[in-house]
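This structure is in structure tokens; I'll ask about it shortly.
In order of appearance the chains are A, B, C, D, E, F, G and H, and numbering begins at 1 in each one.
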Amino acid sequence: MSDKPTIGILMGSDSDLSVMEKSFAVIKEFDVPFEVKIISAHRTPEVHSEYSKTAAERGIKVIIAAAGMAAHLPGVTAGQTHLPVIGVPISGKNLDGMDALMSIVQMPPGIPVATVAVDGAKNAGLLAVQILALSDPTLSAKYIQFKKDMAEASMKKNDGLNY
Amino acid sequence: MSDKPTIGILMGSDSDLSVMEKSFAVIKEFDVPFEVKIISAHRTPEVHSEYSKTAAERGIKVIIAAAGMAAHLPGVTAGQTHLPVIGVPISGKNLDGMDALMSIVQMPPGIPVATVAVDGAKNAGLLAVQILALSDPTLSAKYIQFKKDMAEASMKKNDGLNY
Amino acid sequence: MSDKPTIGILMGSDSDLSVMEKSFAVIKEFDVPFEVKIISAHRTPEVHSEYSKTAAERGIKVIIAAAGMAAHLPGVTAGQTHLPVIGVPISGKNLDGMDALMSIVQMPPGIPVATVAVDGAKNAGLLAVQILALSDPTLSAKYIQFKKDMAEASMKKNDGLNY
Amino acid sequence: MSDKPTIGILMGSDSDLSVMEKSFAVIKEFDVPFEVKIISAHRTPEVHSEYSKTAAERGIKVIIAAAGMAAHLPGVTAGQTHLPVIGVPISGKNLDGMDALMSIVQMPPGIPVATVAVDGAKNAGLLAVQILALSDPTLSAKYIQFKKDMAEASMKKNDGLNY
Amino acid sequence: MSDKPTIGILMGSDSDLSVMEKSFAVIKEFDVPFEVKIISAHRTPEVHSEYSKTAAERGIKVIIAAAGMAAHLPGVTAGQTHLPVIGVPISGKNLDGMDALMSIVQMPPGIPVATVAVDGAKNAGLLAVQILALSDPTLSAKYIQFKKDMAEASMKKNDGLNY
Amino acid sequence: MSDKPTIGILMGSDSDLSVMEKSFAVIKEFDVPFEVKIISAHRTPEVHSEYSKTAAERGIKVIIAAAGMAAHLPGVTAGQTHLPVIGVPISGKNLDGMDALMSIVQMPPGIPVATVAVDGAKNAGLLAVQILALSDPTLSAKYIQFKKDMAEASMKKNDGLNY
Amino acid sequence: MSDKPTIGILMGSDSDLSVMEKSFAVIKEFDVPFEVKIISAHRTPEVHSEYSKTAAERGIKVIIAAAGMAAHLPGVTAGQTHLPVIGVPISGKNLDGMDALMSIVQMPPGIPVATVAVDGAKNAGLLAVQILALSDPTLSAKYIQFKKDMAEASMKKNDGLNY
Amino acid sequence: MSDKPTIGILMGSDSDLSVMEKSFAVIKEFDVPFEVKIISAHRTPEVHSEYSKTAAERGIKVIIAAAGMAAHLPGVTAGQTHLPVIGVPISGKNLDGMDALMSIVQMPPGIPVATVAVDGAKNAGLLAVQILALSDPTLSAKYIQFKKDMAEASMKKNDGLNY
């Protein structure tokens, strides 16, 4: 796997960074090269459009887009690329991220967005890795190991229990 | 007032037409010229972008954008014009339009959308007229008369009451 | 533009002030004169009625009304003026402002309120400016510049990114 | 008890009549004189204000106000009278009356509205009668009998059961 | 007015006391005698039943019942008295009091509960006073004065405003 | 197993019968004797109290209580018996049974109600049978067989598939 | 009653422990032996399957399963045992446990889960005890006493009241 | 592309077929071989487990899982495979599919499910195709064409407009 990013991560605002760190961390764990951009579909529509349309030819294979409130970034990205787009609804001061979830998951027929949980940054990263692993046996093997390690860690939690 | 449209009405899908007829009707009542376009921000982003960016120079002063589900049309339109954008959340088979309402009203700071009720097409039209009337005394007088007529019609409903 | 206020900002209670400061700030940025009043539609209905009915003749062109809980202020203001009214739902201790949002956005046909996000004070101010800019080329130019600055500021946020 | 109405029933629109018939029916059962008015707080604010302020001196003791969507009628009535106001949230095409419920029950401190269930017209009538019965021993006796009859009718429903 | 309580205030748990203090305070302001009981309809159904059935004969005229979560106290009280019952939904750790609101306001036909806002203790007290004032001219006069004072206090809040 | 009922099924209203038929049917399938009563905790509190308190001594081991709207029946039954109580939230005209679900599942600490899905009458019956089967090996064997049959029926549905 | 556990308590994650302590405490109060396991249906499906299928033969009679977010643990446990399963929805950072509640209570016909309130760990324990008490007269007597003590404690709370 | 299925479509019940037909149709449009199975994670957990664990080795690359109510199928499938799993929440009689959406999208960290809209069967199919197209240039070209056709069809809808 080269250093050219295969996962592009977009955020509407730098306030989403603290949540999205969990995406970065889990993708790094799998040694998948990725890039991070703060691009607002509302504030910088042309930059966004350019990014979305050229992502595939630049080697990006999966795009993760995170946004809060009326979270249009994942959907409008999906409108301008044929790549799979993963959407992460970010919770805000009010409404517990329900606004972002509705804005991302309820995409009309024709333009899918693969939505994860509110603030589900880690799972967005994992989903991207799962998709890339379909054509990368080494990554696939790593993912299978990741699941085994997770299972073991989960079982280990019983060690200290004392009731 | 010339025949050049000053209100642009956008819909994400022709399935929104039956609801939006109430916008057309009320705007016609005020003799304000308008245009209607089915332009999806997801399916035809370039057409949409072109429309939004050139609306002002073509004489449009207010844009009404209606959409259902993850209703991004009003917000991404607002991102590409300095004109006021009125958003109409359209209800669908599920969720009573709550998804569209969240996607339209919860716009992040910097890009306002003037949101009306779920399926509130008539009020979207009236709001557009109110805005235009600010610089058009004839239209303003018509609006004041419209409110008087509405009040009278409301009072008339007591005539038949018999309890 | 004279010093006579063209935007009137109403609040149901002084507890809404801390949220509404963002309206004041952004309107000041555009040098648009505005006035601020704490007028409750429930506690001082006559003062409110007087304000709403005389706003237009006093030179007000757009009214912003903010309220929490069963937030009637924007709607009853809209009932008593032909001016466009912008409603800001204010969140409270419970329900995340959903009560205020429902009370403001779901206006029945005939009396529109241009609703912004829960606690969306900044966007309320921007929407008012957008509306005034329709008949004020200087203000319009400022708004276009405001959008450019916002885009630039958004892009700048990528500078420090290091992943 | 004279024929002068002691209960005033307000509706925002004649579309609320079919639900409110249940209020009329149950109040008639108790032979309490009442009046019905279609008065919109938004469309006819002055008529509404006049009604609310003069209700007490005209002999009205309890006001029932029914409205749908952003249902301001009960609250703004309560703002203009010292009489107890009962609010009935009316369900509409969307949102199952949740918008009307929020708009009626979440009144801010100082202006109470006695809210009943969505479309709870019968209970609104009963609550008005309960309040009047506090100073009317005959009515109180009738209400006690009403509860007994209701209990009996409820028990009777077991007669046909056969499982 | 004697010292015998005319308002009975029930709470399901002493954890509701801090919210309900606002009921006590506002009722005291009107010099209306009241009693406070912690009686759970679930934990002490017999005590509760005895209280509800004998309230009227002991001189109680209005009952205020406050409860959180699956808040049955107001409804089951209303089932066992012909007096008007005012319900106060109390918010808890989760769900913002929506569970209590649904449990109180959605009473089935035949057994009304006059519901106020989530944590709306002050309005519950005011509503009780409004009801008692119907047959007590002194109290009625006090209530009219209370509304005037509230209006004045609301207007005073404009004094310090400086924008 | 004798003919003396071991499951008591309570409904607040005969309008709940059509949903609850699925409880009756599935309990009959297991040949468990049961009784059905229409007893409202609001309309006939004394009958209800008597039923709840004497259920155990009359041989009832599990009570199923179904109700809609502000559904207090399961909770107040649980308050007056030490038997396990299963609650079935019944959907109504509005709110999709969310009101009944909140009123049943959110019971405060100390008084549990075993809640099933909105309109989940079949599962209520199955849960009652599961509980009885704990001390009845024949019934337990039947339940194990029931699960096998259900699995087989589920697999059979693949037979006709043709894609 | 022997020391062999009759109640099995499962949690999806050790982060649920702090809430579930209330289950442990109340079950200990009744001297019922129980076991606690952290077993994720998602991370360790085979361990979970083994546990569920062998629970009955190992003497477990009731299983309590607690989980947050998309809380599948109670339901998939119920799919693999004929024992009654009690589900506890655990609240998380967002959505107030509504996601967990929906995921647990809305089980499809055929596989019941006895659901308690969000974070209702104490009631889960009590429900398990109630079920076991059906075939254990000593435990039943203890439960009856528990309800008496709870009633007394509730009444005691009136002692300090001073209004 | 061979005839061996690369997309596996699971449904919890045959009642989901009518919604899922839109997945089948769109996948057929792209000539991607797929298989359809009715496998309930609750009713036939062993069949389900076998399917999930062996899917990858049998050549399946993406699994689409659809379910209603407490929709665990997508999540528990994701727990037992390293393949990407797409979840489709199916709406039912009550709650508009909100229960299924919560149960699918809110997966805890470690086990992602790529969630689409309520009843979003078409988008689930498209998302699966997008993922497969990443390593299949012919399919990728088809998808790019699909988006062009969709854009053209969307624009065509303006032809008949006449306002």
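What we mean here is this: a contact is a pair of C-beta atoms (placed from the backbone, for glycine too) under 8 Å apart; a residue touches a chain by one contact, two chains touch by 3 or more.
It should be emphasised that the depicted structure is a prediction, and the values quoted were computed from it without experimental measurement.
*Asks:* Which chains sit in contact with both members of the pair chain B and chain G?
*Replies:* Both-contact set = A, H.
*Asks:* Quick check on chain C against chain E: do more than half of the interface residue numbers occur in both copies, making it same, or fewer, making it different?
*Replies:* The interface is built from different residue numbers on each side, given that under half of them are used by both copies.
*Asks:* With centres defined as the mean C-alpha position, give me the chain B-chain H separation in Å.
*Replies:* Going by mean C-alpha positions, chain B sits 35 Å from chain H.
*Asks:* Let me have the rounded angstrom distance from the C-alpha centre of chain C over to the C-alpha centre of chain H, please.
*Replies:* About 43 Å, centre to centre.
*Asks:* Find every residue in chain D that makes contact with two or more other chains and list them.
*Replies:* Correct list: 13, 40, 43, 69-70, 95-96, 98, 105-108, 110-111, 113, 117-118, 147, 150.
*Asks:* So, with touch as defined above, which chain pairs make the list?
*Replies:* A-B, A-C, A-G, A-H, B-C, B-D, B-H, C-D, C-E, D-E, D-F, E-F, E-G, F-G, F-H, G-H
*Asks:* If you look only at chain H, which of its residues touch chain B in the complex?
*Replies:* 91, 96-98, 117-119, 147, 150-151, 154-155, 157-158, 161, 163
*Asks:* Going by the contact rule set out above, which residues of chain C touch chain D in the complex?
*Replies:* Residue positions touching the partner: 12-13, 40-43, 45, 49, 68-70, 72, 75-76, 78-80, 95, 98-100, 102-108, 110-111, 113.
*Asks:* So in the complex, which bits of chain G are touching chain A?
*Replies:* Per the touch definition, chain G meets chain A at residues 13-14, 24, 34-40, 43-44, 47, 69-70, 93-96.
*Asks:* Under the definition above, what is the set of chain D residues touching chain E in their complex?
*Replies:* These residues of chain D touch chain E: 22, 61-62, 82-84, 86, 101, 105-118, 120, 122-124, 126-127, 130-135, 140, 143-144, 147, 150.
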